[in-house]
Structure formats: C-alpha cells, structure tokens
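In the two complexes below, chain A is the common chain; its partner is chain B in one and chain C in the other.
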Partner chain A sequence: MRVEYINPFVEAAYNIMTEVLQADVERKDLYLKKTTQPVMGVAALVGLAGDVEGRVLIDMSQDTAIKIASTMNGEKLTGLDELAKASITELANMITAQAVTKLFDLGFKFDLTPPSIITGENMSVSNANVEALIVPLEMPQGLVEINVAIRERA
Partner chain B sequence: MKTKSDFPSINERTPDGQNIGGSAFKVLVVDDSMFVTKQIGQILTSEGFEVVGTAGDGLEGVEKYKELYPNVDLVTMDITMPRMDGVSALEKIIEFDKDAKVVMISALGKQDLVKKALLIGAKNYIVKPLDRKKVLERVISVLK
Partner chain C sequence: MKHVSLKETKNLKDQTRIDFKMVTFTLAGKDYGIDIMKVKEISKASKFTFVPNAAPFVKGVYNLRGDIISVIDMRIFFNLEAEEAEGNTENMIILRLDSHVLSVIVDSIDKVIGISSETIQPPHPLFGDINIKYISGVVENEGRLYVILDVERILGDEEQVDGRTVESRSASSISSAAPLSVQESTVSTTGNAVKEDVDIGFIEETLITFLSFYSSPVNQEWIRSRFSAWKKQKGEDVQLANVQDAEAYLSPFASPFSGSYWNSDFAEKAASFLPADHTGNFYIWNPGCESGYESYSVACLVKNRLPDVHLRIIAHDNDLIRISTAPGLVVNQASLGSLYDNFLTEGSRGKQFKKEIKDAILFEYHDITHDNTLPKLDMVVMRDTVSYIVPDRQQHIFNTLEEVMKPGGLLILGTHEQPINPGAWEKVENSGVVAYKKK
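Right after this comes the complex of A and B.
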C-alpha cells in the first residue's frame, strides 16, 4: 500500500482532533501489518470504493472513546451511549471529509460509506490481499490509531 | 423622582438570539447527527435563540418547517442525510416559502453542493467542525 494514501487521513485526524479536542496530539511512528490486527474496543469504520478501494478504521479503547466524546460534548459521559457514539461518528465524518478532499485534489476519485461504529471486546480485522498502515496518535484522552487499508482497483 | 432603575443601562445588550423587541429568534435544526443537533442547540440557546424543532433527515425537516410556519425564523440544514438530503429539503422549503432563511451545515469537500444550495436560495453556510463563534457569526448575519 502506498504511504500517500494514509498521510491525508493522519493529517486530517491530527488537525481535527487538535481543533475539536483542544488538546496536544502526538503522532507516533507508522507501522505496517500484513495479517489480522486486533481492534481496541471502539472503531469507526469508513469504506472507500472507486479508483481506490478499501477501508479506514479509527480505532480506540472504549475508555478513550468515552473521554473523547465527553470532551466534544463539554460534559462527562459515563458510558458509550447513543450521544457518545454519535460524537465519535461525527469525529470520523470530519476526519474523512478533510482527508478525502486532499485525496480528490491529488486526483483520486472514490465514494465513501457513512461511518459505522463497531464496539466489542476481543475483535480483530482481516483484509484479504492488502496490508494495513497504522499511525498511532497519542492525546490526553488516550491512544487513537488511524488504520488504513487501501489498494488501487485492478 | 426618577430612580436609577428607571433608566436602561447602556451596558445591557440584547442577546444576539433575540430581536429588538426582546423575543427569541426561532430555529429549526435539521441534522441526522444527535451530536451536531445538540452542539448547534447549545450554541444557539446560550445566546438567547429558541430551538423550536429538530429533524433527523430532510423529509422530516420539510414537514417540520411547514408545521412550524410562520413561527420559525431560521433553519440550519445538514447536507448529507438519509431519506432526503439537505439540498433537496432546502429546495422544498424554498418552494413552500421563498423567504425562508436556511443556513447549510457542511463537511469539508462538499463545495459543489454548497454552491448549488446557495443558488437555490440558502442564505449562508457553515463548514464543520462547528465552533461557537463561527455558528453565531453566520446565523446572525442571516437574521440581521
């Protein structure tokens, strides 16, 4: 997978989280996974189809998701309720919208699915024939991984 | 003899969400995100606006507008929504009330749809992420 696909998502995630959470966000080193990867507990999943195809996961623990949603709402949320899920969905919407604008400017054309929120313990994600690039972002609310698996359509 | 309380204080200002008569501007919020609906509601009510209705998609938004009319001063309208998108809903609202004041709420990258909405009759637009200053500036520019 080409690194140029993941950079717009990482930049967008960095920009949006810094702005929305008003927090210092630290980008950790990118790593590549070829096999099945565990999912941390709450993941916003966005599918892509067009010149390129694949998916983007914005992955975090439930505790981090609740803390992020609490910051976004300006109040302490106690669980991953509908408002917390709607907040994480909106965060994913803003990140993908900004990233896709950049990719469109680079000449890629594709459609996106609306974000789906997946929650649960001991989950993993597998991608046939495409490795995933992962960039961890560390912030006061916890760790969020931007996990992108995209390939050019044959 | 006149006392101090008989004179209005020059330091008192009318909140931006109220008209000169002191009554609140009435807003309908159309958005499929519970988070965004709450966020817009909080920003507007904190400045004296009254949220008189919410709708989770364009179709419901058009129905609510007709139901509330003429007791609605402004609509905030998301663009991407299920059942009926915000641009189609805007079109229906303008057909019903050519003077409707609609502000589009857009994610980045929807410039073509925003342009289309402005041509149809939207009065302004706000690009997410939303913040208090941005929302109030745009909304107030439409109402005053």
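Right after this comes the complex of A and C.
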C-alpha cells in the first residue's frame, strides 16, 4: 500500500470517530494482514476506484455496532435494526469521504461507491493479491478496525 | 536494510532480559528443555557398546573422542515409548554434569530457546509421564509448553539412579540384558568439526532470537567465515550472550552504504552492469528500502546511465515509521557527488530530488513475506533484506524473482549474500561489486 495513502485513512477514521462518539478513541499500532482475514460480525464496505482500485471495510462486532449506533442516535437501541444499520453505513461513508477528500488535497483522485453493510457470523474477506492495512481503534463502545485494501491501477 | 517490523522491534526489547537458555527436544511427541549450561554438545551416533547386566535404560557406552561415557535412553528411563530411530542413528545430547559427563538419547532435538527465567513456572503436581521431582519448571515459548528437566537431579547422583534401577526396573532388566553382543561404537560425526558445527548452530539460533536474522543458503558462507574470525577474536567463549554480542557478530554483514546514499564510485560500478541501450519501461523492485536512501540512489544511477527509459521503482518496507519519511526525504549533505547533482533541486526545506526522480519511485508499506504482485522486472535491489526473513519465505521470494524477472534482469544482493539457486543466475563482477544476471 502506497505510503501516502496511509495517513489520510488513519486521520479520517480517528477524527470522525472522536467527533461522532464524543469519546476517547485510542489509536493502536497499524499492521498489515495477508489476503484473507476474518470479519468480526458487522462490516460496512465502501469500494474505491480512480487512481487505485480496492475497498475500505469498517469492521466491528455486533455488540459494538449496536452501542455505536445508540450513541450516534442519542437513544438506546436494542438490536441491529434498520436504524442501527443506517447509522453504521453513514459512519463508513463519513470516514471514507473524509479520507478521500484528504487524498484529493494530496493530488490523488479517488471515487467512492455507496456503502453497503454486511452482517453475519464467521465471515471472512479476501482480496486476491492485495494485503490489507488494519487501523485498529479502541473506544468505550468496543474495537473498530478500519481495513483498507487498495492497489495501484496497473 | 533490516526487514524488521515494528512488532518485532518491540519483541526485541522484551528479549533483552533473556537470562536462561535451554536446548529443547521431544520425547514421545512432547517438548522438553535442558539448561544449556549443562549441555556439552549435540551429536548423532549409533551402535553403542552394550554393557552386560546394566539397567535397561542404559543403552551402553560410547566413545566420545577418547572419553568413554555412558548413554542413557531418556524414553525408557521415563517409561515412554521409544521410537526406532531412522537408520539406527540416535539423537544424543551430551551433558556435562557436576560429577561426570554422560549422554542421553531423545527422539529429536529441536533448537535453542532463550527465555527470561522469570517466566518459568513451577511444575504442577499433576504432571503425568515424568515424575515431578525431575522437573525444574514449565515455560511457554511461541505457543509451545516446554517442561524443563532438572538433569542434575535425574542423572547427577549415580547412587540415586542405581537405587531407582533396583526398585522399579528389575523385572524388565532381566529380559533385555540377555543379548551379549559387544559392538564397536561408531560415530557419524567426529572431532572438532562436531564442536564447531554445534557452536555455529547455537550462534545461528541466537541470531534468530536477538535480531531475527535467519541463516540460509543466502548467507551461510558468510556466517561460517565470520565464525572463524569471531573465534580468533573471542577465544573459547564464542557464544552470543546478549543483543550487543549478536550485533557485534553481525556488524561486518551490512553492505556498504546501508542507510545512506550510495557514493558515486559504488553507484557507477553497479551501473556498469546495466544494459547499454534500453528504451521503454524499466521496472525495478527494491524490497527492504527502509527510509528510501537506496531507492533514490538506484533511481539516479539508472537515470544517469539510461536517460530515456521510463523508470519505475517499486520500493517496499514493512517498517511504517521509516518508509513514511521516504517520499519526502531531504538531502542534508552539502554534496552527494557528481552523480546526483543533475537530479537535485533546491526546495523549501533544503535540497530535494527532482520531480522526475520522485515520480519514478513508488513507496509502499508492504510485507514482502505476504504475496508480492509485481510487473516483469528489469532489476531487483534487495540488499540485506532476505536474510532477515524466515527461510521458507526466502525460498518463496527467490521463486518469485525467477518467475517475474526478465531474462538478463539484474539482481543486486547484499555484499555477503548469494542467490538460493545459483544455477539460475550468472554472476557478474566489477572491482568488488557483485551482481547476478538472470539466465
């Protein structure tokens, strides 16, 4: 993954999370993962195109997703209903959009696809020949991993 | 150009507290360890001289370079199933105890592990196969539990061993004491060569522990020649006790201009291997680029020699902190030499490389032990990088190179490294600088 891309994603994820949740978000060490990785339970997916090809995955457990959605809506949600899903989708949209804006300022042009949300147990995600950058963020609601897999257009 | 990740660096700090090393081995599929200070050496041998009327766990005696030592089969001693060794050659650990030297036979000898003695836990009274009084503790390392045997207690006091024999082994000793064949013990490896192999083996293991430096066909030649020099310098005490020792051992390994720009002389010698005429795309892979000094040097030397090519350097490193600084690297030195003059420009924060050089290099945060997606390559600069990754991934990377490099493509390795499969490469040399051309 190109070095210049890393910071925009890390900063965007951190800024949005702190702003939306009004809580202390702790940034943990970044690392790289091989092609196939397990997904925790709720994954919001945003595709990227343009100078690069790839995707951003915002990954968290169902419990964390419900807690985050509750905080975002200012009310206690009990399950992963339509409102909760819409909130997580919006979160993914905000993070990716801010990252792409920062990247544009650096001279890279990215396009986004509308976010989609995937839920379930025991899922894994794989991207042929691309390793993923994992940005783990720890907050009172739980652990959220921003999983970015992009590569240069050949 | 060490390929050491952030995580490993952290581990390294933890490992500075290593104060206990053990030789690990297996008995009936389980892992055990013996304090390295008790181990004299490791050897393979067969056909021990049988001693009539000895306890069944005494395999016989063995002639160790003139010293007759007894050989104890640990598996029989501990009532475990004894696997028949391949080709009848048994793995022996030769122990130097307070009172005497003896040898024990084990299933297989694993490696040397350095641990902090604080992590050793006392044995639990429910331990099965081996009586608790012979265990000095249990320790976990890389997901495996090792039972540390107290050899002094097990084998140190001869009288105790004898007593044990009479009590519990009398029945079986009669049956197995029957054959009275006396055989000359034959040793598969002998003399000082064994000692040196063992010493080098220990050093290789220590280099992995302290600096994640892996011995393999890539660097073995150097490790061996370095060992002779190290021995001359250190005398008998050749083992590496801490990170400082390991760093001292490896210090001559680093290739010239590691962590700095190549000087014009070195760069020109390397450039002399390049084809005289080349047009179109010229792809270079530079894994383990660290902060990018090497990538910029290579970019300049290629651009200087082949001004018309469309140059593309893919520079990889898995150290995020270092590679993050690479795209905006500033030149602090007053002059880097004539080679670089044409490619530098005055920026706001000091001298920087011109856009044509910067645009040619793509710095990527990437772990090369994962899958590498690469175009067809004209050149690979991989100095002191593969030596720092596990041997089976080294093999994988060389396989990748043989696949993706164009015929005649140029490979530059560290000064003390060589390709794993020498048959696939043609060695070229220009006054001390070596490169390999793909056949």
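Couple of notes before you dig in:
Everything below uses one rule, namely that the second predicted complex is superposed on the first by the 153 of 154 C-alpha atoms of A that agree within 3 Å, B and C clash if a C-alpha of one lies under 4 Å from a C-alpha of the other, contacts with A are read in each partner's own complex, and residues count from 1 in each chain.
Just so we're on the same page, a residue touches a chain if its C-beta (ideal position, glycine included) is under 8 Å from a C-beta of that chain, and two chains touch if they have at least 3 such contacts.
All values derive from a computational prediction rather than experimental measurement.
Annotation: superposed three-chain arrangement on chain A; chain B versus chain C shows no clash, the two fitting side by side. Residue contacts after overlaying the shared chain place A:Ile16 against chain B, while chain C stays out of touching range.
In the superposition on chain A, no contact is made by A:Asp111 with either chain B or chain C. When the two structures are aligned on the shared chain, A:Leu30 is found in touch with chain C, with no touch to chain B. Once the two complexes are laid over each other on the shared chain, residue contacts for A:Glu138 go to neither chain B nor chain C. By the document's definition of touching, of the two partners only chain B reaches A:Met72; chain C does not. Look at A:Thr89: by the touch rule set out above, it reaches chain B but stays clear of chain C. Judged by the touch definition given at the top, the superposed model places A:Ala97 against chain B, while chain C stays out of reach. Think of it this way: put the two complexes on top of each other by chain A, and the tightest Cα contact between chain B and chain C is 25 Å.
Within chain A, not a single residue is touched by chain B in the first complex and by chain C in the second. By the touch rule above, chain A contacts chain B in their complex via residues 16, 19-20, 72-74, 82-83, 86-87, 89-90, 93-94, 97-98, 100-101, 104, 114. Residues of chain A that touch chain C in their complex: 1-4, 6-7, 29-32, 34-35, 129-131, 133, 151-152, 154.
Chain C contributes residues 5-7, 318, 320, 323-324, 326-327, 362-367, 370-371, 373, 375 to its touches with chain A in the complex. Across the interface of their complex, chain A is touched by residues 33-36, 38-39, 42, 80, 107-110, 128-129 of chain B.
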